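The structures come next, written out as C-alpha cells.
Look at the two complexes coming up: chain A is in both, with chain B in one and chain C in the other.
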Partner chain A sequence: MSHATAAPRHLVLRLFDERIALRIPLRALITATSLTLILLLVMSISLATGTYGIALEEVWNTLRGITISSAIDNVVWEFRFPRTLAAALVGAMMALSGATLQNATRNGLADPSLVGISQGAALAVVALTVLFPASLALFRPWAAFFGAIAVALAIQGLSHTRQGGGAIRFILMGIGLSAFVASITSALLTYSEIDRAMAALSWLAGSINATNWNDVATLAGWTVILAPILLALSRTMSAMRFGEGTATGLGAPIRLANNIQLAIAVALAAVATSVVGPLGFVGLIAPHAAKRLARAGMGLHLILTALWGAILVSLADLLGRAAFAPIQIPAGIITAAIGVPVFVILLVRTRPTQTH
Partner chain B sequence: MSLRTLFALAGLALTLAIPAFAQETRNVTAANGTFDIPVAPQRIVALNDQIIALPLYELGASVVGSAGRVDAEGKTFMRGGMDTLGIDYANTDIQYVGQFNALNVEAIAALQPDLIIGGTYTDLAVVDQLQSIAPTLVIDNGALGLIETLRTLADVSGQSGNFEARYQSYQANIERTKSFIGDTAAISATTTFMFPEADDLWVYRANLGAITQVLSDLGFAQPAAVAALNATQASWSAELIQQLDADFIFGFYRQQPDATPETIRAAYEKFAPGWCAALTACQNGQFVVLPGPTFGSTMTGLELALELVENNVAGRPFTPFVEAP
Partner chain C sequence: MTVAAAPSPVRHSARSWSGVPVLLAILAGLFLLHIAVGAKALPLGTVVDAFFAFDSKDFDHVIVFNLRLPRAVIAVVVGATLALAGALMQGVTRNPLADPALLGLTSGAAFAVVIATSVYGLATMALLPWIAMAGSLGAAAIVYIIARLVPGGATPLSMTLAGASVSAFLGAVISAIHLLNQETFENLRVWLTGSLAGRDVTMLYYVGPPMLVALLAGILLAPRVTVLAMGDDVAQGLGVRTGPLKAQLLAVVVVLTAGAVALAGPLGFIGLVIPHVVRLYVGSDYRWIVPYAALAGAAYLLGVDIIARVAIPPREISTGIITAMIGAPLFVHLVRRRTR
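Presenting the complex of A and B:
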C-alpha cells in the first residue's frame, strides 16, 4: 500500500497494486473522524446518564464485567447498553434509507416517512394491537416490517408506468398512499377500545426505551448485510447524481441500481421502524447535514450520513430522557421537533431552483 | 439462660424470620401469564395512576411508584388523585416513574419494587423488560370490569380483606338506594363523555369506571340505541343526539380549570347547537354533570357515584321521559 497527497485537499489511497485507488477529500475524512468521536462521546454520556444513580466509575467497572450489584448489572447491561446501541443503529439505518431514497428519486425531500414506509409499519402494528390484542409482542416487529414492505411495494407498483417509474411520480404516489394509510390507522385508533389504542400510541411515539439485545442483534445484523451493498453500489449511485441520461452514458445500469436502491432503502427503514416505531425526519435531515458539512463521493457521503443519523437519534434519546427528567420524551417526538423546521427550511430553499 | 440472652435469641429469630416471610411467594395468573409474586408485596409500582395506583392506595397497599401525567406547566400529577383521594406525588411517598406510554424503566428499577402492575395499555416490550426487575402483571381491566379489576388488584397486593369489607358495604348501599327508587328498571339513563374541546361526544354502554358500574348495579335501563352498541362505547353523531334521550343523561366535569361544569355544558352546546332543546332530559333539568371521581376506578368513586345518583334520582322529584309517538 502506498499513499500520497495528490492535492492539498485530498488523500489518495492506492491499494493492492493500484487495483483499488481512492481519492478522499481531506475535509470529509476529518469530518468523518470528528463525527465518529462525537458519536462515541454521546454514547458514553448516554451510558453514564439515567434515573438510576450509578457513578461513572461504576458504569465503567460494570462494562468491564465487574459486578457491583445485580441491580446495577441489570440496569447497565439490560437497559442502558442495548438502548444506547439501538439508538445509534436505528439512526444510521434511517439516515442511510433517506440518503438512498433521495439519490434514487433525485429528490432532496425524500424520506422514509414521506413515502409511506413508516405509515405502512404503523398501520400494521396498530391493526395487530387493536384487532388482535392477545397477539405476542414478538409479532410486532414482523408486522411492522411486512406492513412497511407492502406499502412500499404498492407505491412502487402504482408509480410504475410503461415508460418506467418516474421519481416525482414515486414521491407523489408515496405521499398520497401515505395519507390514505395514515387515515386508516387514525380510524383504528379512534374507534378501538381505549386501552388498545393507548398501547398502540406508545409504540407510535417512536421510543427506544424498550429495546433489548435481540433488537440490537436484529438492527446490527441487517446493517451488516445492507450497508455494504450500498457502499458497493456507491459508484453507480454517484453517476446517478448527474441524472439518468448522463449516468446511462457513463455505463451505469440505471434500472437495476434504482431497484436495488429502493429495496435497500425500504428494508433499512422497515427494520428500524419495526424495532422502535416511526422516527420522523432522520432520513431527511442526516443526508443534508452530511452534505453541508463536507462534499464527498457517494461512498463517504453515505458514511457521513450514517454517522449523522446515529448522532441525531442518540442525542434525541439522551435529551428525551435526561433534559426534562423525570419526564420522558420519546426520541421520535424530539427528532420530529427538529425535523419539521429543517423540512420547512429545505422546502423554502429548494423552491427557486424548481421553478421553470 | 439469662433474660437478656433470651431476648437476644428471640430478636435474632425474628430478624431471620422477617426476610423469610417477606420472600414468601405464591402463584397468580394475570393476562400475561402465571407469576410468582410475594404474598404481601411491600414495594409495588403501578404503571397507571387512575386505574391501578389509586385503587391500590385506597385499599392500603404499599405503592412506591406510579406512572402519571404531565400538565401544561410540566408538573407531574396523578390523574384523579387529588379529586378522589386527596393524594399526589407531592403529599405521598409515591414516586413518578414516567407516563403510561413513556415509562422510565430506570426509575422503576431504582425503586427496587417487588411487584409491578400494568394493564393491556402498557407497551408489551416494556413489560418484558420490567420482568427482569420484578414480576410484572398485566391486568386486563377492560375484560374484567371494574369490580373484578378491583378484586384482582386487592388480591395481588394482599388487601383482599379490605376490599371485600368495602365491597360488602357498597352492595348494602346499592340495595338501600334501590329501595328508595323502587322499580329501577323503569328508569333509563345515558352516560356521555364530552371533552372541553367539544370535538367528540362519547357515549358509554359500559366500562366508564364507577358510574356505569353503579347504573348497572342499580339495574337502570338504557336507550335502545345505546343498549344496542356492540362496543362498550361509541363516538356519537350530533345528528343522532335525540337517540340519547332518557330519564337522566349524565356527563362529567373535572376539578380542572379547563373542564368545569360550565365549560363542559358549553362544550355540549358547541358540539350540537340546540342540544338541550332536543332532549327532554335536559329540558327537565335531568341532564346532570357529575365530578371526575365518579368515572374513576376506585371504591371511593363507586361510593360517590352511588350517592350522587341516589341524590339526583331518589332525592328529588323528576319528570319521567316519554318517548315521542
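Presenting the complex of A and C:
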C-alpha cells in the first residue's frame, strides 16, 4: 500500500505493514522515469537506424515476435538488438564503476579510464589474445579483472603517502600509469600477428560494433551480480559522502566498505572493458550529470547514474554509426570528445583544498 | 690562497665542462651504431668508410647514405630539440612536470597538421612547420588558460592535468578525422605514434633553419632562465624583464616542438626525462642544463631508436612506445614525490 506524501517534494512508500518504508524525492523519481523513457527512445531509434533502414513500427513488431521479413528479423535480432543492449549495459556499468570509484576515493574526478583501470583490463585482454590466441572468450572478463585490479592496487599504493593524496595528484598518477600500461599494450600489438593486431586495435578504440548475444549475456550476468551488492552498500556509501571521520562516527564500516567498493568498481569496469574495450569518461560524466538533475539518496543516485551512463553510450554508439555512415566512429572516441570538456569544467570547479 | 671562496664555482665549471666530451663521444658512438644496426647489419668499419671514403658503387655505402643516415640525423635533431624545449619549459614554468607532450604542445601541433592535410588537403610541405607552430601555440594558450581557471592557479599539477585533458580531446578528434579520411589515415598512422621510420628527410630542409635559430636562441637565453627559475620576484629584482623573456622563451619552445613534431610526430616524455637526468649531473644552472639536455636528448633518442629497431626483429616498435615506457614511470615518481 502506498499513501500520503510527507512533504510536497517527497513520496513516502509504506509497504508490507510498514516493514519496508521508502521516502523518495519526487523530483528524482520523475527524473528516473524520464531518463528511462529517453533511454528506450534512443534504443529504439538505434534499432531502426542503419544501412538497412527499418521503420520504428516494424522494429517494435519484430521485437514482439512477429516476423515481417526474414531480413528484418535477422538484422534486428542478430545485429542491432545485441549491439543496442550491449551499449546500454556497458554504459550503465561504466557509470556505476565511476560513481563507486568517486565515492571510494572521495575524488570527484575519478574515472576508471582516467586512472588506468580500463587500460589495465585492456592490457590483460590484449596479452591473452596475442600470447594465447586459442584461449576461450570466457576467460576474457577474468583476465580483464586481474589486469584492472593490478592497476587499481598500484594506484592505491602509489597515491597513499604521508600527506594523503589530493584529487589532482591522484588523477595525474593515474594518467602516468595509464600511459605506461598503454605503451606496453602497444608494444604487444606490434609484436603480434597483423590480423590479430587489427582486431585488437578496433577493440581498443572502444567500439561496440562487434558485440553478439554472448557478450550481452556476459554483461547482463555480471550486472545482475554486481549491481545489487552496490545497492545494498548504498547506505554506507551515503555515510561516506560526509568524509571518513563522520562516516566512522555514524557507524559505517569504512575499511570493509572501501575495499568492497573498489573491488566492484574494478569488476564493473573490467567486464565492460573486456567486451567493448576502454570507453573513456562515461564514469566521470554520468554521476555528475545525475547529481545535477536531481538530489537523491545514494541508492536512487546510483540508479540515475546507471541510466545516464546507458543513455550516454547508446547515444554515442548511435551517433558514431549514423552521423558519418558508412564510416563508423567508435563510441569511445565520441565519449572522449564529450567527456574532456566536462572534465575541464569539473576541474575548474574543484575546491581549492583538493587541488594540491 | 683563499681556498674557501673560490673553488666551488671553478670546480663546478670544470666538472661541467668535463661532461661535454664524454657526451659527444657517446653521441658519436650511438650515431654510428644506429647506422650500423638494422635489417642488414653493417660492420662499424663500413659505416666509417662510407663517411670518409664514399664509394657510390658499394651497396652498403648507399644504404648508409640513403636509408640509415637520414633517420639517424632526424633522431639527433628531434631528441635534442625536445629535450631542450622540455628543459626551458621546466625552468620558465618552475614546473618539474613540464614537457612539450605533457602540456599539450605536441598534440596541438599534430592536430593542426592533421586538420591542414586531411580537411584542407594541404599538399605543400613548406607550410607544414608553420601550421604546426600555430597549433602548438594555440594548445599552449588553451592549457594555460584552463590551468589559470583551476582554483589554486596554474600550479604544476593543474597545468599538467590541463595539458593531459587538452591532449586527450585533440587525440579523440584526430582519431575521428582519421576514420573519416581513410587515405590520410594510411599516410599519417605511423607518423602519429611517434615513429622515426620512413621519415622524409626533405622536411628537414623546411624546419631546419627556424629550428636552428630557436636552438641558438634557447642556448643564449639559458643564463636568464636560471634567474627566472628562482621566481618572478627574484628575477625582476635582479634586473630581468620577465614578461618579454617569457614571450621569447615561449616562441623558442613552440618553434622547437613544432619542428620536432613535423619531423617525427608526437614523441612523449623526452622533454621530461632528459632535463631531470641532466640535472643530477650539472645541478640547477640552466647555462649547463640547456646544452647538456640537447646533447643527452640526442643520444637518448638515438639509443631508444636502436632498441626500437632491434628489440623484436623483423618488426619495429614505434619509438614513441619506448619513450613512454621509460618516461611514464619517472612521471609517476615525480608526481608522487611532489607533496604540494
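Operating definition for what follows: the second predicted complex is superposed on the first by the 290 of 356 C-alpha atoms of A that agree within 3 Å, B and C clash if a C-alpha of one lies under 4 Å from a C-alpha of the other, contacts with A are read in each partner's own complex, and residues count from 1 in each chain.
Following the convention adopted for this analysis, contacts are C-beta pairs under 8 Å (C-beta built on N, C-alpha and C of every residue); 3 or more make two chains touch, one makes a residue touch a chain.
Given the structure is predicted, the values throughout are model-derived calculations rather than measurements.
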First (chain B), second (chain C), both or neither touched by A:R321: first
Which superposed partner A:I329 touches (first chain B, second chain C, both, neither): both
Which of chain B and chain C A:S183 touches, first, second, both or neither: second
Contacts of A:I168 with chain B and chain C, given as first, second, both or neither: second
First (chain B), second (chain C), both or neither touched by A:L56: neither
Which superposed partner A:L41 touches (first chain B, second chain C, both, neither): neither
First, second, both or neither for A:Y191, with chain B first and chain C second: both
Contacts of A:V348 with chain B and chain C, given as first, second, both or neither: second
First (chain B), second (chain C), both or neither touched by A:F79: first
Intersection of the chain A residues that touch chain B with those that touch chain C: 190-191, 205, 324, 327-330
For the chain C and chain A complex, residues of the former touching the latter: 97, 146, 149-152, 155, 157-158, 160-162, 164-166, 168-169, 171-173, 175-176, 179-180, 182, 193, 268-269, 312, 315-318, 321-322, 324-325, 327-329, 331-332, 335-336, 338-340
Residues of chain B defined as touching chain A within the complex: 70, 74, 76, 96-107, 109-110, 112, 119-129, 132-133, 141-142, 231-235
Complex interface listing, chain A residues touching chain C: 158-159, 161-163, 166, 168-169, 171-173, 175-177, 179-180, 182-184, 186-187, 190-191, 205, 280, 324, 327-330, 333-334, 336-337, 340-341, 343-344, 347-352, 355-356
Complex interface listing, chain A residues touching chain B: 50-53, 71, 74-75, 78-80, 133, 136-137, 140, 190-191, 193-196, 198-199, 201-203, 205, 207, 209-212, 321, 324-330
